[in-house]
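Here come two complexes built around chain A, the first alongside chain B, the second alongside chain C.
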Partner chain A sequence: MHTRWNLICIAVSTLTFGVAGAQDNAARSEKEELQMMALEALMASPSERALPALLKLLDGDGSDELKESALFVLGQIEHPEAGKALLGYARDGQGETQLEAIRMLGINGSPETLGALPGIYANGNREVREAVLEAFLIADDTEGVFGIAMNATTADDYEDAVEILGAMGAHAELAKLREAKGISDALIEAYIISDNSTELHKLAMDSSNPGLQAEAIEAIGIVGGDGADAMLAEIYTKSADADIKEAALQGLLIGDYDEVVLRLYRASQDTAEKRELLQTLVIMDSPLAMEVIDAALAGDQ
Partner chain B sequence: MAGAFRSRGLMVAVLMLAACLSNQSRAADELQLSTDGWHSWRVASVTPPDEETIFVLIKSGRAEEIEIAGHWCRQRRHEAAVDHGLLSTDTSIDWLQHHLGNPSDLGEHALAAISRHAGHRALQILIDIVESDAAADTRQEAIFWMTMSGSDAAFDYIDDLLMAD
Partner chain C sequence: MNDDNMKEFAALELDKVIAASADMQQRWHDSIDAAAEREAATQYSTHRGFSPMSFFWGAAITAALAIGIGVAVFLADRPRSTETVDYVVQELPGSGLDRQATFSRALQVHLYDTQQSIATIPGNSAEERALLALQIVQQNRLFVQAAERHDADNLARVLRAFEPILLRLAADDIAPADADALRAQLAFEMKIMLTKLGRDSSNESHST
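Up next is the complex of A and B:
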């Protein structure tokens, strides 16, 4: 059940709980230090002992930091009552306590708790909705995020969900979204985040929407990888559209492909174009720019 | 006549009590673990099982290891251990307390062993450490072993600590 994201999150949470917490030692009072120690100790205690203490603390007037740590401990307890309590805080909690409880549902990762997330999302404000997406991310539940993207009623909600799918590397879900909703800026961002050069290459050759095509071409430079430099050079060379050529050059600049730019410079017979390519090499801070300048001064080119 | 019986009976009871106290105090004084090798003794436990068995390894006259045969410690073969029988919790704690603060694992193991003892004294030792200006690690260990003891009194203390304003 513990997937890569899940483990990463647990590690991060543990670090937050322990190491990062230790950095705040100076800011914490001695009493708060002892309280944090007690919470850590409860993690190893029998659940029937730890649970009442945690619930009492969560229902009390303790600090947000203490309650967040208590929720983390609660999320680690494998007891039906603990899951039920966590769900209660995720649905009806206040402020940070609610948001942290939602994230902890992701760490918990059981089908019951994950199944409750869409309902919490539907009834929540923007912060709650973001926390639900984080919970799905932590649980590595791509289906859950896909469902939210498909049912999104605002552009912001759709973009947030698609971005998370990108972070999760959910290629299949992104492909289904493209089929259902069409290509968009958000999907291109997701392809960048998920290093999906295959889809970007396809989009770069699709001239049906020149604006998105240009974005995809630039994105190839961001993602890089095998064949990215050759593809950008090909687009630059073959395209007659100034915006597409500009996008390809931007891609080469972003990808730091200075040798390709030098080749294009040497192949070009157009003075204005040569100037632009040389400027690009200078902006790239490439040592090849000096070679070009030296050669020009020597009258070679 | 009846008064004489009562008086004699009282005297016998007093003598028996004195003998008992004397035995206990002698046991405390006589817990000498000077011979090298494993030693063991039993004490009343804070939670079931009713008794804990504590094992101590002595090398060159010094304690090297303290172990508790029970729920969380690995079981080893200690057939050759010198068995000191059932000791009072005070006797056992007196010996173990001497090793608290030892910078090696021995100090924490002594703390863990103390936490398994029945009676208020064991918990009070842990509370005193938590509320002292000892190193944070030591205080954390004391809280940890307090919760591991599973006693109502320990969790009452943890409750109060968590709910403190």
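Up next is the complex of A and C:
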């Protein structure tokens, strides 16, 4: 029976020297399988012993999968050299290895590694930039994403960063962005993702940009929450703008507020409007639609 | 029947189908899909079974109590943003469990459980794969919250790192080979974390 130390020695030698005779594809696969097992065993070994073996593997000609796994183990090793090595692969690595190293910087989460991310973002292609945003998300570093959004030079980069801020529920950073860059589709989507009904309610009442106002009104239906149905009903009844009314009705439909639609139907004196409201109930597949139809056929309305 | 009402009803012209716009239809489909997934996830989580023959589960039942206690303690003061149906466990009176050790054990069971779940994800059903992946995301978020509450930021970051992979696994347009690669990656990373947590626990118990 192997002791733990024996296993560690085997792991290190397997990673360092490979497996003899592994030449053809099948054997190569077997070799990699053994190397994967060795990587697992390395996690239990002292960092100064594991580090050189991992670096050797990362600089070798193993598959992307093997290198990605090695990077994960490297990321879990508490040794200053491990952090430095990760930074190197994140800056200068190629393809999947670079992307995985960037992810590991997020998992590492130290100020030094996170501080390097904006530079990697600035010099990277789209995949690298996405990986950097994901690393900030993993590290829960809203300031980092905010910085990228503020300095974004293209609409796509700005939208990606704002979306991540939404996923992080970074209400304060989104508010600062709105102040600095103004309202946009991307911000409304971020409010939806972060369930920020407060901001959506404010936007829904802001008529300075009717297009975005309509989007915010629809978004209230998506987010839902306390008061969403009442607000949509209020907007629908009080607005004279056909597009805004339509947005409120779509919000009610999306939010599945069939009782509100029924109330609006009963309150309406306009045939065309009644028709649209009843159609909405039918589209919602609401049982209330049949109630209305039955009542009308019975002469109750 | 009242003629006026009949006229009013006829004036609605219900036989005229008003076509919804494409984006509107897409939103309905998305809403329906999301609702169906939520419904199915709820059903799955409440009917989730296990094999009483498995040795692991003997230990897991005991550990599940620790999860319940642990997560309940860790999340006690936080607003709940996700379902905690699997973790509603009464705290044992006078248990006196060390919070750090309890959290570590709870997390180990979560990772082991998740590993098992990932291994059972069907390769040929995108729907089931998405359902299971989203359920794991939900449970994983609970443990992120617990880790944050316990000042285990390093563990919270690792758990957060699983989520993008799980969400990719849940995507319906992923090729089976890519799904297998993601499953293998998750399984490996969870195994590494289990080894690390086990090693840390062992070191702590030896140092005390």
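Quick note on the criterion: the second predicted complex is superposed on the first by the 269 of 301 C-alpha atoms of A that agree within 3 Å, B and C clash if a C-alpha of one lies under 4 Å from a C-alpha of the other, contacts with A are read in each partner's own complex, and residues count from 1 in each chain.
Just so we're on the same page, contacts are C-beta pairs under 8 Å (C-beta built on N, C-alpha and C of every residue); 3 or more make two chains touch, one makes a residue touch a chain.
It should be emphasised that the depicted structure is a prediction, and the values quoted were computed from it without experimental measurement.
> With chain A superposed, do chain B and chain C clash or fit?
fit
> On the A-aligned overlay, A:Ala44 touches which partner chain: chain B = first, chain C = second, or both, or neither?
both
> Does the superposition put A:His201 against chain B (first), chain C (second), both, or neither?
Once the two structures are laid over each other on A, A:His201 reaches no partner at all.
> Counting only touches as set out at the top, which of chain B and chain C does A:Gln76 meet: first, second, both, neither?
The second partner, chain C, only.
> Where does A:Lys56 make contact in the superposed view: on chain B (first), on chain C (second), on both, or on neither?
A:Lys56 sits against chain B, while chain C stays out of touch.
> Touching A:Gln35, do we find chain B (first), chain C (second), both, or neither?
Once the two structures are laid over each other on A, A:Gln35 reaches chain B alone.
> Is A:Gln279 contacted by the first partner chain B, the second partner chain C, both or neither?
Second partner only.
> Going by the contact rule set out at the top, does A:Lys67 touch chain B (first), chain C (second), both, or neither?
Neither partner.
> Name the chain, either chain B or chain C, that contacts more residues of chain A.
Answer, by number of touched residues of chain A: C.
> In Å, how small is the closest CA gap from chain B to chain C once the two complexes are overlaid?
Across the overlay, chain B reaches chain C at a minimum of 5 Å between C-alpha atoms.
> Can you give me the overlap between the chain B contact set and the chain C contact set on chain A?
39-40, 44
> If we count contacts the way the header does, which residues on chain B are in touch with chain A in the complex?
Within the complex, chain B contacts chain A at residues 130, 136, 139-140, 143-144, 146-148, 150, 155, 158-159, 161-165.
> For the complex, which residues does chain C have touching chain A?
1-2, 5-6, 8-9, 11-14, 18, 20, 24, 27-28, 31, 153-154, 156-158, 160-161, 164, 181, 184-185, 188-189, 191-193, 195-196, 199
> Okay, in this complex, where on chain A does chain B touch?
Within the complex, chain A contacts chain B at residues 25, 31, 33-35, 37-42, 44-46, 49-50, 53, 56-57, 60-62, 66.
> Touching chain C in the complex: which residues of chain A?
Result: residues 36, 39-40, 43-44, 65, 68-69, 72-73, 76, 103, 106-109, 134, 137-140, 222, 250, 253-254, 256, 271, 274-276, 278-279, 282-283, 293, 296-301 of chain A touch chain C.
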